Amino acid sequence: MSRIAYFGPQGTFTEQAALRVIDPSTDELFPVDTIPAALDAVREGRLDAACVPVENSVEGAVTITMDSLAAGDPLVAVAEVVLPVTFSVLVRPGTKFQDVRTVASIPIALAQIREWLAEHLPKAEQHFTNSTAASAVAVLNGEFDAAVTAPVAATHYPLELLAGEVADVIDAKTRFLLFRRPGPLPAPTGADRTSLIVFTDDRTGVLSDVLVELAQRGINLSRIESRPTKGRLGEYRFFLDFDGHVAEARVGDALAALRRRSTSVRFLGSFPKADGVASVVQAGNEDADFADARAWLRAVREGQAG
Amino acid sequence: MSRIAYFGPQGTFTEQAALRVIDPSTDELFPVDTIPAALDAVREGRLDAACVPVENSVEGAVTITMDSLAAGDPLVAVAEVVLPVTFSVLVRPGTKFQDVRTVASIPIALAQIREWLAEHLPKAEQHFTNSTAASAVAVLNGEFDAAVTAPVAATHYPLELLAGEVADVIDAKTRFLLFRRPGPLPAPTGADRTSLIVFTDDRTGVLSDVLVELAQRGINLSRIESRPTKGRLGEYRFFLDFDGHVAEARVGDALAALRRRSTSVRFLGSFPKADGVASVVQAGNEDADFADARAWLRAVREGQAG
Amino acid sequence: MSRIAYFGPQGTFTEQAALRVIDPSTDELFPVDTIPAALDAVREGRLDAACVPVENSVEGAVTITMDSLAAGDPLVAVAEVVLPVTFSVLVRPGTKFQDVRTVASIPIALAQIREWLAEHLPKAEQHFTNSTAASAVAVLNGEFDAAVTAPVAATHYPLELLAGEVADVIDAKTRFLLFRRPGPLPAPTGADRTSLIVFTDDRTGVLSDVLVELAQRGINLSRIESRPTKGRLGEYRFFLDFDGHVAEARVGDALAALRRRSTSVRFLGSFPKADGVASVVQAGNEDADFADARAWLRAVREGQAG
Amino acid sequence: MSRIAYFGPQGTFTEQAALRVIDPSTDELFPVDTIPAALDAVREGRLDAACVPVENSVEGAVTITMDSLAAGDPLVAVAEVVLPVTFSVLVRPGTKFQDVRTVASIPIALAQIREWLAEHLPKAEQHFTNSTAASAVAVLNGEFDAAVTAPVAATHYPLELLAGEVADVIDAKTRFLLFRRPGPLPAPTGADRTSLIVFTDDRTGVLSDVLVELAQRGINLSRIESRPTKGRLGEYRFFLDFDGHVAEARVGDALAALRRRSTSVRFLGSFPKADGVASVVQAGNEDADFADARAWLRAVREGQAG
């Protein structure tokens, strides 16, 4: 049985993501107050895995997740979940649009449906709560009239759905990862993503050198982000996501090259991509090509080939 | 006289940044509710410039600024301000630490001084407000006991400083830019930064190609961030910051190359860096080297050199 | 009227090449003993142009031509001729295969038809002469029985063709260039070649840097050769041939970049390729793309675009 | 006991080079008429090794050696010899400068001392022989007055030295290699050279890609030459010489990469450089760096590191 942390409280998008990766017959979910605390609970062995948000197509990277992963004992992602960011607007049973004078949620949630609110609840006063789930509780208590929540919140509270699938941006998405302590990696599926942090000095061209190592092996970068390193001037951290699994030869070869060419590399996992789109492997970069090259090199070194 | 928007309300860090770039004898400041609205006011000619946050060393890029700059009419940054992120904790006159039972601010501000609060106000209940300035107003109204604000807020409200220069992370900083409609650029100073958005297709290696253009001209990248492009699958946007001014030959040459090699490039400005650290120009990349190469090429083309 | 030198004497392949580029109604040909002397005659203004061999598909680069071009006043190629290397075997009238006891030519010519000689004149003793034409003269004088010559020799001497189009290697070719003092370049035809010498220091990766400048502009390299620089240790010379004309934007831009990135560059000409195969220009590298990028850069610098 | 072929006849520079690499107590030298024949004698097992010239600082690559190495069974170089190209002028005993009316040698030798001849033997008629040694024999026979030979020729023929160390170009050198069938490689010395032929298609940028693989591992290229491939249009062959030994990690890693990225690679050997200058290995490219990277990659793949 696995004990799995998620960035809580109950009723948030992260719970909803966590529900996608657990086996309800054997796993148990535990909400944890903050992302660093969820990750630390895994590092310290109190829990077995942690589900945390890493990227939002509207808000960008979740920097607190990034920073928490860069420091402390390493954690490795084993599963990815991508959820559409559509909200539910919950009210006490019987409440109609014209009855809503106050609407509450976390600032980001209210920001993400700003246009919808302007159109459908133009006169409602907006209030901030500490989580989307907290807004549901506040509506239940009669503090506010409407709560903007993750869809899963409806399963936890006796509230009514005033509006569902609410979103200003069509196709807005949040990406979550499930982290564990280092251990057996998920098997390669042909449609995997690998996530890394590369630490470098501030030499001109250093990032170009890093990306050339990926490009030369035909590895498709899906995300890059530089983050200043706290307290260490002149050191950079680059978060990279790219197609492929470290068990594949081209990815392993690239990782070894990055290890040599940077200050250090932190491996954040190789896991099946949520979108299931298979990696394209360019000519000369298949596992068989690497095996052939190694075999030839061995023969050359042993004086059996020219 | 210039009319300058800032992401308001009064009393926030952005006002404090704006105060650094205005000439109080001729410029007037106008708080604007949201970052997109501040930028639009400039685009539409209602105001002359807008001061907005672009990056926070703890929180990362301000994605709403990034997204607002990528769409709509182009705007160009002409000045950069970097402020240390240290907060003031304001109370009604006479309030002591032991009297504080509630503390209010925006979620990010409370998050950034979490450790300080745990040590100095461990029992205070935390509440969210819509801006740091709003928390000062709420304290003034007796709604809460303490407000976590930008230092500038103390000049707007008759409150007392319970604690100043409060910060968990030493050296946390926020970077602000002042944007105008395209017009005369700030003169090069030798210590400038250029900011760009590069839009590309999703070909493998495309970003490596972009960065090689910078590296080959010895241009030092200070920040890179990829952002998914809303609604357009397979298109990427890269936000790049690097040393140098577009009026300098190596930077102009690199920009022209990027223009040819990408779907499009949006120029976000060349302006003096807040830190004043001069750009290092590598051998062969001085303006004189480009002038010499152009002169030689002209002579070759005109049949006057070999 | 042009006075054109060729690497003589009369009756050699180089005369045959020169005949391809002259206008017999206005040009006059002058054989010159050595390649350096032919080039110097042009440098010093005694003659107007010089036709010299530069490369042989069997023997490789003609190093004496390369070295003569690298030093002294610059010369620029304006025309290219490629001749198949097939020899004529000339004898005194009436001589049959079985009568041939001695065969003469320059060492390279005898080497290039070694297999043919082994099959058709296995018992003939081989002798060296100073030029293929000199072997014809020697046969005329009765000194030897057969001469291995350029086909053109048959027009100069009253000898009979024992065998024509003799060659061991099918498709062996020699490439000749016609050099002038710098002056108006041949107009671009869309199927041109540009020839350069790049002088560099011996820094690791310097040639990779040079070739990346060509590759990034989609310029197709057709030949590269490194030559030690006489007397200057640690300096390298690279002879490069690639598709395109210096009047084309991508080629001019690449040349200016090489000028900045190397110790020096010597331009050896842009001229129509003998094979007439049009250059392939990759997306983003057309003249129009460079013009668009320059126009955009100008607008950015003048504050008229973002 | 080894039986070693050299490009003969006796008394040439190649014999002189061969004498440098043999153990006179156990090895026996055999002159062979042509370079291909010398190499074939080794391929077919009739002899154990062949010493052949590969490059001359005045004449460039010895293309017949290059071509012979590119085809047929692979051969691997195990030793390098570099000889200064200075000639001996040999005469019958008692002959003085003023007595020399004819001087004989191979065309290349006469060309390489053209200036010396113009100064010291301006009136001597020049004649070609099939080898430098053959000119000595011809002088012995009274056919000519002076022979231009390799210094070693003086040990074979009862002739007198009219002038020694004759050379127009100071520091002209010829480089020789000793080839064997594939077998145990010479041990790395820290000052080694590796020689390769890389076969590629004619894709634009393909050579740039090849050289980037070397540059990225800090491998210093000492020679590159492109040669058209006989009979196969659109295929290129690049001869590369660079610092380092295939037993070293950075070189082996580069070779494996080239194997994957080209049509094929032919290994021509890793052997001590004649000049004994140690390879410079850049940071991150030491054997220990590769070992560390491999160990880390293994740990990551086995789930024991992040």
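When the chains are written out, they are named A, B, C and D in that same order, and each has its own residue count from 1.
In this text, a residue touches a chain if its C-beta (ideal position, glycine included) is under 8 Å from a C-beta of that chain, and two chains touch if they have at least 3 such contacts.
These figures come from a predicted structure and were not determined experimentally.
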item: Graph distance between chain B and chain D, where chains that touch are linked; value: 2
item: Shortest path length from chain A to chain C (each step joins two touching chains); value: 2
item: Classification of the chain C:chain D interface as same or different, half of numbers criterion; value: same
item: Whole-Å gap separating chain C and chain D, where each centre is the average of the chain's CA atoms; value: 25
item: Separation of mean Cα positions, chain C and chain B [Å, integer]; value: 58
item: Residue list for chain D, restricted to those that touch at least two other chains; value: 209, 212
item: Touch-based graph of the chains, sorted into line, ring, star, complete or other; value: ring
item: Partner chain B, residues of chain A touching it in the complex; value: 57-61, 63-64, 66-67, 106-107, 111, 126, 128-130, 169-172, 202, 204-205, 207-209, 211-212, 214-215, 218-221, 223-228, 230-231, 238, 280, 282
item: Chain D partner contacts - residues on chain A that touch it in the complex; value: 73-76, 182-185, 209, 212-213, 216, 246-247, 252, 255-257, 259-261, 265-268, 284-285, 289-290, 292-294, 296-297, 300-301, 303-306
